[in-house]
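Heads up, the next two complexes both have subunit A, just with different partners, subunit B and then subunit C.
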Partner chain A sequence: MDTRIDYYPTHEYNGFRFRRGRPMPFGATIVPNGVNFSVFSSAATGCTLVLFQKGESKPVVEIPFPEEFRIGSVYCMIVFDLDEERLEYGYRIDGPWEPEHGHRFDRTKILLDPYAKTVGGRDVWLRPPNWDDIYQHRARLVFEDFDWEADTPLEIPMEDLVIYEMHVRGFTQHPLSGVKHRGTYAGIRDKIPYLKSLGVNCVELMPIFEFDEWENGRRHPETGAWLTNYWGYSTLAFFAPKAGFAATGRLGMQVDELKTLVKDLHRNGIEVILDVVFNHTNEGDHRGPTMSFRGLDNKTYYMLTPGGFYYNFSGCGNTLNCNHPVVRNLVLDCLRYWTAEYHVDGFRFDLASILGRDQNGAPLANPPLLESLAYDPVLARSKLIAEAWDAGGLYQVGSFPAYGRWAEWNGKYRDALRRFLKGEMGVAGEMAARIQGSPDVYPYRGPTASVNFVTCHDGFTLSDLVSYNDKHNEANGEYNNDGANDNNSWNHGAEGETDDPEIARLRRRQIKNAVTLLMLSQGVPMLLMGDEFGRTQRGNNNAYCHDNEIAWVDWRLLEQNAELFRYAREVIAFRHAHPVLRRREPFAHADVAASGYPDISFHGTEAWVPDWDGTSRVLAWMLCGKHARVADDYIYVAANAYWDALFFAPPVLPPGMAWHVFANTSMAPPEDIHEVGKEPRLNDGRIMVGPRSLMVLVGR
Partner chain B sequence: MAFKVSSQVTGDVVSMTLVGELDASSAGAFKSEIDKAVGQSPRSLVLELKDLTFMASAGLRVLIYAKQKLGSGVSLYAVAPQDGIVSTLRMTGFDKSVYIVDQPPPPTPDTGRRT
Partner chain C sequence: MTLEIRTADDVAVVMLEGTIDSRTAPALEGQLRDLPAKHAKILISMSAVDFLSSAGLRLLLLLYRQVKSRGGQIALVDVSEDIRDVMSTTGFLQFFTLADTEEHGLAALRAQSA
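Let's look at the complex of A and B:
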């Protein structure tokens, strides 16, 4: 390769030797003896490559692209003999400043390459940067030499997943997390044994694409506490891992550290899904900074109003123009890169409905981006999960263009379960659909389209859901105006912390009820980090700005609430043990296995007499194990959301079989749940299900 | 502290002593030494790291380069690395590709502890 005729310099500028490059791939690519730089702009009149020595305030050289280096709308150049380890690069773009026509070129700014694979400038979390630096976020090169050994994405079937949503920093940043490198990828690696003991087989990482934790940084108007961009739903560089989440970020080794985490999670049977934010960037609206896309090609990358302002379907100032063919390719390139280079198993798309809007914001019937993602050859086995709504009012749960591939965060599941849990009347009928994988919402796609959850990062934690009637977001410094008002939560008699043992007991029972319903529903369950041991945000349902104990997992609770952890662990094990809980297809509501029972049957306090009355607060159902893909036990659940105990009559089993009690949330531990296979036999025909409790029986 | 590297060949073992800070400015010298070692077709490469005080990304890259150039049949030993270096090797997963040991391995047979 070194001697190829097309790898020799043809030009020289201030001692730097270069030649015309290759337009593809975009970004900076290491080639024999040099680096190929390629950047797109449809309306630029000129482009300059700006090279820095790492950490230096002034560029070492600014090389204008000769006009003959432009191929179409792509500027490309190979520069020879660069020190790749110590190189930082950016671009200056010439072009018109005509906002009314969509152009906001500004030659005074040095711009970040949208394809930058690592970015310097925020190497250590919240270390004060040099605000006078002319180039704050600096593109750097990466070496793709990681030793993956035999690792590949795990390709666990969707129906077998138990997803655990986590924030990389929040998971282990607490002083008592017990890991060596708190708040980092390496910290998660130390917690792999914990994740295994809990039984989850997929972690969904909240945004890890490079973002600026200083963005919108401010002091609380009353307390003076520092508030920061902690969640990171504000992408700066789509191809670069967040350096501040790496213990080795200061050494520039975040790529290796993250890949090591993925490799070790895989080795332990745990998949990795990334929460990706393609709906907007961190450049904000017309008042925001020019860092990359705005200065490269504003009109291509953003949805603009006829007057040249920014459509704001994201609620964050701008909207990425995802169905423009160039932007679509950027998204595809990005996801392929993370799949191929980082062995990531899938993606959850934040405010995904935006990805289905056209360049003027109108919803498309057949959005090219979503179709491309669904049929992409590299992503063919990747999990694709949509948050099927946006901040512009488009709500597509059940109607998201899925192409047989996409799953969705099922917001209807969350709402119905919460309402049932707190004892609302008339929810039993809807709950019957939700526990089946929402066939009313996904009649053709089947249960695996439904990612079921009770809580996620956005809203109350599970413990807070049963401890607060109202949000308490005063610490966010917005006078409690931010965050959702409609939470379907209930405090059970006292707002927040209480020393009333009866209320505390009832709350614990409700947490167990919620986790049980979640894990026994068809579809894909998702648990929020720490909910398995009662994590609280003290009633804050929008902790986006808190890099403190509000948002961090307090690992002391694992011991304090060992009862909850044990319960969650056993119920997750129960899900893994029973294929009848993990169907790929919707129920037939018929006895297709000729077992004498339908695949699913509904019951009330009497067997075979379901209570669909508008005042009903009970739901009981039975799954016939003969209908599972592998012969399984029978499972019966009796959920009583009524305030008094009720007697239920489970269906009679075939001769030779008997009911055994797996869980009874009204009982104190250790009788609340039993190890799989060690469930005690039920002697009586009837069971008494306590107030606001449920029982799970297993028939064998 | 300036970086220094020196090599010694004993039979089919190449031993290299690294002293000082291995960063982008010194990685080139280390890489040249690795290239020389590869030319010897050794059975193992022993890196004496007792006096190596710092290793940046560029240094790690050369270690990966060495591992790839030598091939999986050649054992790579890191002898007595300082805590910071061990930590870096662990966090970046390179501890899976190298034997971290307190003493240089005996000439034969291969008894290195894979950590």
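Let's look at the complex of A and C:
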């Protein structure tokens, strides 16, 4: 017997029994004996619930909401005796077609619920859909009773994270990835032992909110190759996981599969950050399809020009109206849902500066959405990472409204490191700031505000960064016009693949230099998938449209470049072993621990004589272990970006201590790096650092 | 969907046949409801189950939870490769004792202290 006295139908329509529902929560919620449907539209004149039997082309019923079922601007209804597993639902909305006033209602369209928890229609990646279907992306219900056992988000301190950015499909889709279900959540689960052996403790998944991989699909004008929406920075449903990334998507079990992945990653000490795209939707501009938001409440959900067209701060046709109170709540609801329901540990916000614009696009000093996110009770321990710029010209690295919470992708770190690496003059001074966690950029927020990276999905891979002077995006079918031109890359003597062993050796050394600087910098390091073993995109720096070997991780390289993998693994282990590399606070540049040494000191080829000259290509620094959270070793790094070998004199250690050589990138393996704790003792007062090489010493 | 229950010593042996989804699960749940109170050990033969939907998997897990809360044991026998794969991918498999044959399943249940 049901305990509530109001769970009985009051109305009937074509055999379907229903009653007035509850306005909150929005979306479709399973309640005793039925399903509560709730949808918002500020300007609709009527609303119809459209129900389908799963996979059927025609609806089983279309139930108009009786006017008394509207509460404020919310239509809500409980329908009884539905088969939750075989139900698909949508809405038809009545209202004016007055684009000049911002209204684009169209009752001929069946609309996707913005709160849909799963979406059918693209259940299997790139399986040709029925293009004649009147309802392409179908909202479905989910069971929200996953057995998490004792799992919770891990709450690893920000400074202890080593982030690994990956594309769910690209990580294991390669035929030789060795997993059972290639290109899926389950595939990542099979690779957890690999991730652990590498030592990363956080995976950042490129978009996994449901998107349409067929969007903007086209053939390459010359090769005829199929180009697709592979990256997925184009959200269709903010609450639904991408079904095509699930081995069980064909069975509608993507929710359980993804939750199982999160649970297993957590069990192995690995956090999950989602790359979320709230800056625009996949409905495009006024020429785009009406699938959801446009037909539900165009004026609320999108930033519109005075003439009723779409502002395009995203570069993708439209801009989500994030600081409208209703949209703000949608974003909050969404992130809370992923945190509470999927145990996700944090979020990276694509083109986050858009989230700080007002409804006319003007940047806000105190953006309500960003403030709400920072102070939200459910998100209180979640990582919030901003890509602090947008396509409308806003660049806020260092000035993104942070409320003491937000971290940022530090684009300045990437640029400085790349320039230093290729031997540009006069970058040593800036590099000195970057390895400290960029105190010039984050003077009050501290190093944990800085997510440091050399490469990310957007741009060259690390191997390509040292193998190409120029981008090679011909395969994208845009005559090499797309993608960034300003890459700060250098091919070291030959463009692309080469059989010159000298060049190949130099490139490997530069990869090691980059990974070392990244892992030895204060802040939060982020590695791009496959960079630890030399993944290449053949010079393509914008592989958004390639579901092929350009974008997939080729796991054969793990063996071929075992040297690089071993190096990366050891240097990551070194970071984990040394708290002096993982500070929360900026350096004091003073001896606050009374150790006889400042917390950080800079040096040149001579100890205590840094070379800030405009022609300098060297940087050496020492971290005093006595200043770490818990007593640690001393660490000395000598980076020589000059083309000749140079002698460096490391500072003299306190009596009883000695320098040991952890890494020397000019050496061939196994002498290039040593296991933590097994570093050989240095018996000389001076070290020779090879051309374009670096050495890391540990003092104990 | 058909169901047959018999006992082997103190173990309830449940033979399932057909498809378990949202259409068949509620009736099945009704038939299995009293079982955990009567038997501490339950063996479910899956050889004739051709498909388990999300609702079907949840029915099994619900049964597992009920048995477990009473300190009992549950074993699944002769699970097809397909179903086993789906159960593994969606995280359901880890909860159950698995066996190839009824004989092995009974032995596994006996070996575990209730």
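Basically, the second predicted complex is superposed on the first by the 698 of 700 C-alpha atoms of A that agree within 3 Å, B and C clash if a C-alpha of one lies under 4 Å from a C-alpha of the other, contacts with A are read in each partner's own complex, and residues count from 1 in each chain.
Criterion: a contact is a pair of C-beta atoms (placed from the backbone, for glycine too) under 8 Å apart; a residue touches a chain by one contact, two chains touch by 3 or more.
Remember, it's a predicted structure, so these values are computed and weren't measured experimentally.
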Clash or fit (per the criteria above) of subunit B with subunit C on subunit A: clash
Subunit B versus subunit C as contact partner of A:Lys263, first or second or both or neither: both
Subunit B versus subunit C as contact partner of A:Asp147, first or second or both or neither: both
Which superposed partner A:Arg22 touches (first subunit B, second subunit C, both, neither): neither
Touched partner set for A:His11, first subunit B, second subunit C, both or neither: neither
First, second, both or neither for A:Lys54, with subunit B first and subunit C second: first
First (subunit B), second (subunit C), both or neither touched by A:Ala186: both
Shared contact residues on subunit A - subunit B and subunit C: 83, 85-86, 143, 145-147, 180-181, 186, 247-248, 251-253, 256-257, 259-260, 263-264
Residue ranges of subunit C in contact with subunit A within the complex: 21-23, 53-55, 57-58, 61, 65, 85-86, 89-92, 95
Touching residues on subunit A, where the partner in the complex is subunit C: 83-86, 143, 145-147, 180-181, 186, 247-248, 251-253, 256-257, 259-260, 263-264
Touch list for subunit A against partner subunit B, complex: 54, 83, 85-86, 143, 145-147, 149, 180-181, 186, 246-248, 251-253, 256-257, 259-260, 263-264
Subunit B residues within the subunit A interface of the complex: 24-25, 27, 56-58, 60-61, 64-65, 67-68, 87-88, 90-94, 96-97
